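Look for subunit A in each of the two complexes below; its partner is subunit B in the first and subunit C in the second.
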Partner chain A sequence: MLYGHATFHTSPYSLSGLNEATQHEELAVDLFLQSIVNSLIQGGFFALWAVGMVLVFGIMGVVNFAHGELVMVGAYAIWVLKAQMGMGYIPAVFIAVILVMLIGIFMERFLFRPKREDPLGGLINSIGILFILQVVALLVGGTGPAKQVTPAFPGTLILDEFMRIPHQRLFSLGVSIAALLILWFFLTRTKLGWSMRAVALDREAAALQGININRTSLIAMAISAGLAGLAGALMAPISNIYPHMGHNVIITAFIVTIVGGLGSLSGAVLAAFLYAILHTFVTAYFSGTIASMVGLLLMVVVLIVKPTGIMGQRVSE
Partner chain B sequence: MLLTLNDVHVHYNKIAALQGISVDVEEGGFVTLIGSNGAGKSTTLRTIVGLETPTKGEIRFESQLLNGMGPDKIVKMGIALVPEGRRVFKDLSILENLQLGAFTRDDSAAVAQDLQKIYGYFPRLRERRHQLARTLSGGEQQMLAIGRALMSKPRLLLLDEPSLGLAPIVVQEIASILMDINKTGVTVILVEQNADLALELAKQGYVLETGRIALAGEAHKLATDEHVKTAYLGL
Partner chain C sequence: MNKFNLTQFVVMLTLFIGLILLPHYLRYQHQDFMIFLIINVLVVVSYRLMTLTGEWSLIHIVMMGVGAYTSALMSKHMGVSVWLTIPLAGLSAAVLAGLLSTPLFRMTQFYFLIGSFAVGEAIRLAWIFFIKPFGGSSGISSVPSPELLGIDFMDPIPYYYLVLIVVSLCLWVLYRIEKSRIGLTLNAVHWKAPLAQSVGVNTWKYRTLAFMVASLFVGIAGALKIHYLGNVTPHQFGVGSMVFVLIWVIVGGYNTFYGPIIGAVVLSVLDESLRNLNEYRPAIYGVLLIISIMFMPKGLEHISQGLKDWIKTAKSSS
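So, the complex of A and B:
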């Protein structure tokens, strides 16, 4: 039940009212089209997971192993607020994002900032918080079967007899893409975003332009955690919620980050969708376990053949 | 005095890099720090701009104490460092590099004027303003690094080894622009291994040896000093 564990519920298929031969043929086309749609939705999540990790790695030089647990906390927040307390989904999403952002701010200020010149120390601190958050999730939700949250947007978009997209997934895809676009706009069109790119390129040279490194790191971590919380909140109604769900997130984020090129945000987004297509199709035609193996294999191949990833550039001369 | 260093000590871990440096820089002055590798020249500049913290002693800019201030505040006060190795943002365009130099300013009209002034000093930067900085030659990157520092409208400009690795003709070009910048009233502190050049440009000079000041005086007098001649000028 490690990484091969399927995170998302499979979509329902309707098999009524067709003769055997047409049904078979249509199913093949359907599986293909449905897999493309699923790839897009998965890709949105993969990108949300990876972009936050890339941002923190680029700006702070920290590999945040607890990134997956931030996603998990976002999902748990929805379970507590919506399933347990009966709050509406949209306000619950806002609270989940803010909660995870606050955890991220705490991590930057008290775990990563004191270890700024010591990447190994930052990494070990992030592993520490990873275990703490898992235990907190156990305390909040208890053991037992994975938690589930009923979709806030029931109903399904029916494109044809076989191809159906639940509204909840459409909502997730839309919000993921919107969040990525806002991030892109922020990083390329605002002064603060610019300063973050400068810090990612050369921290000391950025400081010499008057950019406050502590403030930039804090904002980067808040954004990263906010995106993780958002991803968790979006996943909550369509996937199983359990304390170790971050495991799948962190491995996927690693694959996507390395394939995309360490520190390259656009590379990570591109790699997220490419990897989602690969993963979804291998899952659909073979199995989830093989898909995960293929993903890790892809990462190893990229590391050997092109260690800078598809969009990465040389780190320095 | 625009800048005063009084008995400044700096340690890297427990190893002393500066062991009591005292330097006075007048407004409008052109001061050079010369000395061999590891003498503490770069550390002195890095400490002024807040990248290193003094373990003892005082740094004052117009009587305001700089000790313990971060580079972001110090840059805003009017001190800019052109770092060793240029350190331009290679994956950003030339224009973006220059605009980042003005990060602390919000007087956009004056920033636009200063941009034109820098293009005036370095016309090649204007021609290539939309290219990535990594496409520039070493000399052009040095010009960009100087231009970027000037974009913060500094009153005090610190330069760490600007001639390193550049062709003699480019070094001459940069030297003459540094003189022009100094004539506009910007105070300059130049750290150089190329002591001939540094003493020719500067009015005041300090010779650093193992974290201490071994000699100080007017640059043209240092240039004729026997010790300086044999140790640094290769005569």
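So, the complex of A and C:
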């Protein structure tokens, strides 16, 4: 079975095993503070995952089920380049992002563009790519246990005896926020960004204004894939790397996307951090399974009560 | 319309005789394969009833699990005869579908797809979380198999016949439903919902009905599966299995009754013949999926249709 062992119990992102040595004597306050810090870091990842999906859905109208696999490819690229070939972390991240971008460009050009008028076809094509990328990961990494990459930035920021943040995680958070800010700047301050937002609002009207839909879609997919690759590359040193790791990514991205309002980038970012807080706290105080159930049910409630999400605008038929 | 069609009758008869004789010429593992294949045929055909209304759900396999868990729990812990738990499994899935339809059908199209996925996944997580009575991740093992007149249903051949009879009956009922007034109305709900509403069709009611009937039959399929396997786990009903159902239906073609059957049979046989490739098989599936979507968006059934037309023209020209 495809996702046979990908249960939520062992979510590699729950980050609660951070300081195992001291965990048993942790005080409630420390658990609380640590959870806040963890949710911020996790929120950065959630936002990177979801923003790429929103971008592709908004501009191309495609639900990319293989988005989680793009994250997985980014993580595998780091494993191959850093752990296997001994390359430095920063150049490896750049190569990983470019590699995943190229995959994204290929997908847009040959799979999504011919199916622009057939959303179901695009969705099925993305499932096809999902299968292929998982098997490619198996071919590259073999079937053994999950891969791990040693952190590029060892050392830990010690705020007090019970609250420690490894530098690697701080780096991830910083890069995630920087990437989101650059994207925001690009979309709101450049001409290309405006044209992309115009396509998202009304494809035909944008085309009539002389905006090249093909080029815009290609750039949107490249950015989306690049963000996914970046997320994977940032996750590589702090989580398990295995072919089915995209499962968790896609479910989280769906929840965040729906809660934030399909097509709303700012809504997705806000929802990412809110959901990260919810997920981390429920995981810390109850269990990972309950946290996932709460997330899924939250999504259903939002779908029923306010399908446009917390930041979505009302869309006319 | 109901004119007796000799060719069709002969084809059906040969198919039936073939299916009756088949298990005696197969090795053990292939007998297993045939049992699961026939169950999967019921899964895809019942799914098609749902898609008739134009809504694609991702909860179908979870409904199969609802049937499976119901049947397993009742037969193992409450001592109810398996002959009774199999229909009850279908009934419980249908009742749950009826209850879920109120929130679910507030959504349509893409939102329904995602909403149904979320609800299904939440149900599946409940099976993992509530170890009592569902047994957590490892599920329920040593589920009893049916008993009748001393026939050993642990043996694949009697179980094969049981599955063949039950599934044939279910397919017949599903076929009759599709050709009946209800089936036509479901089509109307899909293609002309506002028009159907304007002539007094309660589209909500018909969507719910389709969801309940589809769940009823897939619940039966779930019970059939686990009484042969002997165990039930949450992983059997994950989104991965659901994706395979989608692939079978779409590659086979969802515009006709037999399209999904062709899809399930062709892809399963192909999958079985690639067995020695093990974990690399999904890539073959992925490539096939993309090829079929890009080059024959109407599915495999379309090829058979094309073949029929070709024979017809060849006949008339000669």
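The definition used in the following text is that the second predicted complex is superposed on the first by the 290 of 317 C-alpha atoms of A that agree within 3 Å, B and C clash if a C-alpha of one lies under 4 Å from a C-alpha of the other, contacts with A are read in each partner's own complex, and residues count from 1 in each chain.
Note that a contact is a pair of C-beta atoms (placed from the backbone, for glycine too) under 8 Å apart; a residue touches a chain by one contact, two chains touch by 3 or more.
Computed from a prediction, not measured in an experiment: that's the story for all the values here.
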Record, for the superposition on subunit A, whether partners subunit B and subunit C clash or fit.
-> fit
Counting only touches as set out at the top, which of subunit B and subunit C does A:Phe131 meet: first, second, both, neither?
-> second
Considering only touches as defined above, state whether A:Ile258 meets subunit B (first), subunit C (second), both or neither.
-> second
Would you sort A:Ala207 into first (subunit B), second (subunit C), both or neither based on which partner it touches?
-> first
Geometry of the superposed three-chain model: angle at subunit A (Cα centres of subunit B and subunit C, steps of 10 degrees) = 80
Of the two partner chains, subunit B (first) and subunit C (second), which one does A:Ser292 touch, if any: first, second, both, or neither?
-> second
When the two structures are overlaid on chain A, which partner does A:Leu55 contact: first (subunit B), second (subunit C), both, or neither?
-> neither
With the two structures laid over each other on chain A, which partner does A:Trp194 touch: subunit B (first), subunit C (second), both, or neither?
-> first
According to the contact criterion defined above, which of subunit B and subunit C contacts more residues of subunit A?
-> C
Smallest separation in angstrom, by C-alpha atoms, between subunit B and subunit C in the superposition = 15
What does subunit A use to touch subunit B in their complex?
-> 191, 194-195, 197-198, 201-202, 204-214, 313
Contact set on subunit A toward subunit C in their complex | 1-5, 7-9, 63, 111, 114-115, 118-121, 124-125, 127-132, 134-136, 138-139, 143, 247, 251, 254-255, 258, 287, 289-290, 292-293, 296-297, 299-300, 303-304, 307
Considering the complex alone, what residue numbers of subunit C touch subunit A?
-> 56, 103, 106-107, 110-111, 114-115, 117-119, 121-122, 125-126, 128-129, 137, 235-236, 238-241, 243-244, 246-247, 250, 279-280, 282-283, 285-290, 293-294, 297
Of subunit B, residues touching subunit A in the complex | 49, 51, 70-72, 75-76, 80-81, 83, 87-92, 96, 99-101, 103-104, 148-149, 152
